[in-house]
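The following pair of complexes shares a single chain, chain A, combined with chain B in the former and chain C in the latter.
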Partner chain A sequence: MATPNDDGCTLTGALSVTTEIARCVTLIHGPAGCAHHNFSLLHALHASRDFALPPPVLSTDMTEKEVIFGGEQMLEEAVFCAAEKKPDLICVLSTCVAAAIGDDVEAVCRIPSVVPVVHIPTAGFLGGGFLAGHIQALISLSRFAGQCERVPSVNLIGEKTLEYEVDEHYREVVRLLTLLGAPVNVRFVCGATLDGIRRLGGASLNILRDPSMRPVGDHLHRELGIPYIDSFPLGLGGTLRFLELVGRQLSLDPSAAVAAEEALQKEVIGTFAPLRRKRVTFPAGPAAESASRFGYELAETLDLEVREGGNPVPLPDPFPVGTSGIRRLLHRWRRKCHA
Partner chain B sequence: MKQIALYGKGGIGKSTTSANLSAALSEQGLDVLQIGCDPKRDSTRMLMKGRLIPTVMDLVRERGDDRSLTLDDVVYRGYHGVRCVEAGGPEPGVGCAGRGIIATFQILERLGALRADVVVYDVLGDVVCGGFAMPMREGYAEEVYLVTSGELMSLYAANNICKAISRLSSRARSRCRLGGVICNAKNLPREEELVAEFAGRIGSSMIQFIPRDQVVQSAELNKKTVVEFAPASGQAAVYRELAWKIMENSRLDVPVPLEIEELEALAYGYSE
Partner chain C sequence: MPECAGPLWPCGLTGAAACLSGVRGIGVIIHGSAGCYFYPATTLHSPIYCTSLSDHDLILGTGDALVRTIDGVQGRHSMLAVLCTCTPAIIGEDIRQVIDEHYGASVRIIVLDAPGFAGEYEAGFLSALSSLPLLLDVHRQNSVNIDGLSLMDPFWRGNLLEIQRLLHLAGAECGATLCAGAFSCDSELSSSTIHANPDLRSGFGTPLGTMIGLSAVKKTVGALEDRFCSNGGVISDQVIPDAEERVISACDKYQRRFDPPNVALFGQSLSMQAIAAMLTEYLGAEIACIGSRNSPSGGPLPVEMARDYGKVQEILDRERPDLVLGSSFEQAACPSAAFVGVTAPLRGTVRLHARPLAGIEGSLALMESVLNACMDHQKGAR
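Presenting the complex of A and B:
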């Protein structure tokens, strides 16, 4: 079944990646409107994460004249102008119109420039939606990653930069990795730099945000030989398994980390003991389906009764990450149950 | 006002036929406007003594926008007062020529250029995209004439154009119809019979047979239409006959395109 991530436009998905990279200019080759509505969306979402500056997005402002006579020369001039701003990287994103008239955007991006230029094909009419654009951008950018000395560390791959609580999810993963003694090498791409992307090959393990990022995990495995696990930790048992899995992959003994986390989970569950034997109802619909197994796990642990007519409790998708995510969720459940 | 469009395979003689037709129509005392709808821009050259006139798209490219264009910038008067326009388009291999045709029509509409007793649209070889179907859309040509020889690939292109006419004519308010088939002969055996049968099979008729004649090449080498270069020739008489028939023609059909196997069998039957 299609999910909201499968809908939308590849251009927006790719922008959610490129606008995260420090000192990177994103140049959209197409009509100004394609840039404008994405810019507005990103600006609003970035503001909610306290980003001080608007996203550095430029448009070639293609008009009917370029549609008729071709837009390659205009793009070349726009890349030159973008390079004059001396960014670390220029990402050129194509649009429906540029692809429909056959502009060879890739060829223009290969013209030698003082700044690295990467083309990310994002003509929405070719299909794929937001998620395909997100994946395509990560794969295109990974060309800058080279082999380098490997240390026991992890890369975080494919964080959903526009999702609610993205920073909370990150902090929870870092907390868990710290229990294991495993540092984060590179976030690809939240807050990444071009130098960071070049150092991707230094990690021993990639942790994907969720299984939808498997194409990126597979690509990096092929190119850099880095194995991956396909999700951030979700649910009580899932968080403990995450620690075991990462520990095994990095040849670190996870037992102390698992014991510490189990103790924390007992404490959290104890805090929410007043919820015991409450009746709750999970939201219906496909969005909540994937989160429901974690919901049932929580309900069983807390001895809640899930049935129709109970207190309606939220079951967010994506499900909150790790034990800290569960704590935040249980606060919301407690309010709904008036416990 | 009568608006007609000539379509056919590239190199089949559409521009030669269109220019001679326009010349012959003008000799009847009619105000004729010929619009070349092909980036090659050579539709009206023989009417303009061999001159390649500035195209609408050239002017847009040079000036950056079309707001400053006037009628005098885009319309050129040629042989016997025939008014000539070339749409033009992008350099080969870049951009979208079809969109160029659409933009040209919008500019010509805005300038009020599409006024004449007869407007002749000479359109690029095949209806490769929606832009080249523009002359068939509502408000423009109501009669399409297919120019073809008896060669299979020429008939194949003509048959494809029938598909476009058939599709467009099914739209509400569409008045675009097939006026007939013009055989521009290549001196193939039984060519006239073959093209006449093709025309009948698609539900139309062959309106004119234009024999192959050296005078056409001579006229072009002298940068003139046959009607101007050799007005007393038999070939000029054929073009005048075509002009007369088109003005009198009241048979307008929705064509029924042939399946490829049927078309091949038809051509094969005349190949012995």
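Presenting the complex of A and C:
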């Protein structure tokens, strides 16, 4: 049976990037329905992140007429209209329909404009899934980054902007980096500006959200010569290793930061001592597999018994970031265990 | 080019999926990309399937992907509905033929062309409804169908419960509920129908009236009681007068302190007109504008199209209402006004109980929300 593609639409992946950039207009070349699906989804997620306004998304509102006669003329006019709004950047995203009828979106985007116009090839299923759109958008936008004077700082690459806890994850990474004395240069792309993207080359290290972002990390390494770490910190031991790794990459002594974090972890584990010897069950399924090693690490530290018939506790994938993420997770475990 | 800044209303495909996924026994298969599947799957909260077409299918034909999907789900449902999205429509495959060749009459399968570029949500919903092999049972005289129920509508559950309550009070039984609740693809239709949403009237059965706005409810309940109660009825004699008195009293109290609001309404055309009429009648509200998501189909008040965020903002900037009824898009576009949510989507709030918009309780709930929102807004402005 053909199963639903959990990875989602390429267009959604790209929109999760372009709608984060301040003063960027995203133009979707396709039927209004495609744009609505995504606009509504983004509106929901933005509302849950307390953003007041939905992102600026335009649609060429392609109808049967353009499907039959072609939509390039309509796209050209739409780019012109978008430019009249005087944004810093216009990102043009194509859809399945535009690709199926053979519109040359790239050619239209090359027409000189007063505003930079970037075509991100996102022809729905033709371009791959959500992840492909996410990666494609980041790589396309990185063209604006140039070489600049490098300081000991990091870029955060490929944050999952549609994650409910994206800002909590960011704050945790910043907290850990602050322990090391390492500032964030650019978040690529949460809340970024075009000027910020231009400054990408100023960091000494890129930290990827997770290993799925390696194609972006490799691309930036090739283009800007910046090495990368392939994940935000996950798990108790992983968080300490993250501090050591970042410190080493930035030539900073991590020992004080590691000691402070170890002390915090001991305090957190102590808070949840009533969980000790409780029986828990982790959710089954492929989605939970990647998170399970962090779950078992936590269970061992807390002296929990993982067995069938235990209290079903959540094991989110992606796993919460850092020690603060573990603390929030343990609150949920405690509620499930009635401890 | 008609500029479309932030489209606010779903396409015909979503309308069709909303309709058919509300019918028990039907397995809905979206024949298209995962992107077309994801939105209805997440907003309808109903299990649906997708053929997840890839570029390979586009080149070599989508039939194999469809057959694989049908093979995987047949036997779980008494009927399958294949909704063809934009891409199969563009490449022009004869999906009916593919299905007939593979399955003949062994599986009950409806095939519906529902490309998003070809129509709006309401058209997709009603087209899907008309594709169902429904039978009208002329002998079912003691029950009434309820139509206009859509899983996309945040009020569908409350509307269904409220209209069922009123039918019971009027001495009638509830017939087919199009398309939610216990309605199945093998349900037979009763000979008369009440509209929970005047913008999604099915055309099945003799219409008894609509249930949005207290005036419409009064008329519809009157028709119901004429038909089912030989000596008048408790709803017209007691329930509606009591509800109306409470509304009048609350509005009167409000007007002792505050001026009536200047209101902008956004949503489906006929529903918003009915609500506007109620606000005018009981609260003396000025109707600044009605922005319609669907093509207006008559009605007493002027309506303009407002299907995208840019147009909504333009209208709100022009009218500067102090009360907005609409979706959370309008709430975001006009944070300075009082707001009441009456249109999907309603994001950023927790909604657990079955709140109605239709019927007597729906009218009361709406007036209560309007008065509370207006009072909070007036107090906040001081």
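The rule we apply is simple: the second predicted complex is superposed on the first by the 332 of 339 C-alpha atoms of A that agree within 3 Å, B and C clash if a C-alpha of one lies under 4 Å from a C-alpha of the other, contacts with A are read in each partner's own complex, and residues count from 1 in each chain.
We take it that a residue touches a chain if its C-beta (ideal position, glycine included) is under 8 Å from a C-beta of that chain, and two chains touch if they have at least 3 such contacts.
Because the structure is a prediction, the values reported are computed rather than measured.
*Asks:* For chain A, which side has the bigger count of touched residues, chain B or chain C?
*Replies:* The partner making contact with more of chain A's residues is C.
*Asks:* Quick one: classify A:67 as touching chain B (first), chain C (second), both or neither.
*Replies:* both
*Asks:* Check whether A:302 is in contact with chain B, with chain C, with both or with neither, and answer first, second, both or neither.
*Replies:* The answer is neither, since A:302 touches no partner chain.
*Asks:* May I ask you to decide whether A:257 touches chain B, chain C, both, or neither, giving the answer as first, second, both or neither?
*Replies:* In the superposed model, A:257 contacts neither chain B nor chain C.
*Asks:* Can A:59 be said to touch chain B (first), chain C (second), both, or neither?
*Replies:* second
*Asks:* Is A:101 in contact with chain B, with chain C, with both, or with neither (first, second, both, neither)?
*Replies:* A:101 sits against chain B and chain C alike.
*Asks:* Which chain A residues come up in both lists, the one for chain B and the one for chain C?
*Replies:* Shared contact residues on chain A (touching chain B in one complex, chain C in the other): 64, 66-67, 100-101.
*Asks:* Using the touch definition from the top, list the residues of chain A that touch chain C in their complex.
*Replies:* Residues in contact with chain C: 1-5, 7-12, 31-41, 43-44, 47-48, 52-54, 56-64, 66-67, 74, 77-78, 81, 96-97, 100-101, 124-126, 129.
*Asks:* Taking the touch rule as given, give the residues of chain B at its contact with chain A in the complex, in rising order.
*Replies:* 57, 60-61, 64-65, 89-91, 94-97, 99-100, 103
*Asks:* Chain A touches which residues of chain C in the complex?
*Replies:* Residues 1-14, 32-39, 41-43, 49-55, 58, 65, 68-69, 71-73, 86-87, 90-91, 115-118, 307-309, 328-329, 332-333, 335, 345, 347-348.
*Asks:* State the interface residues of chain A toward chain B in the complex, per the touch definition above.
*Replies:* Residues 64-72, 100-103.
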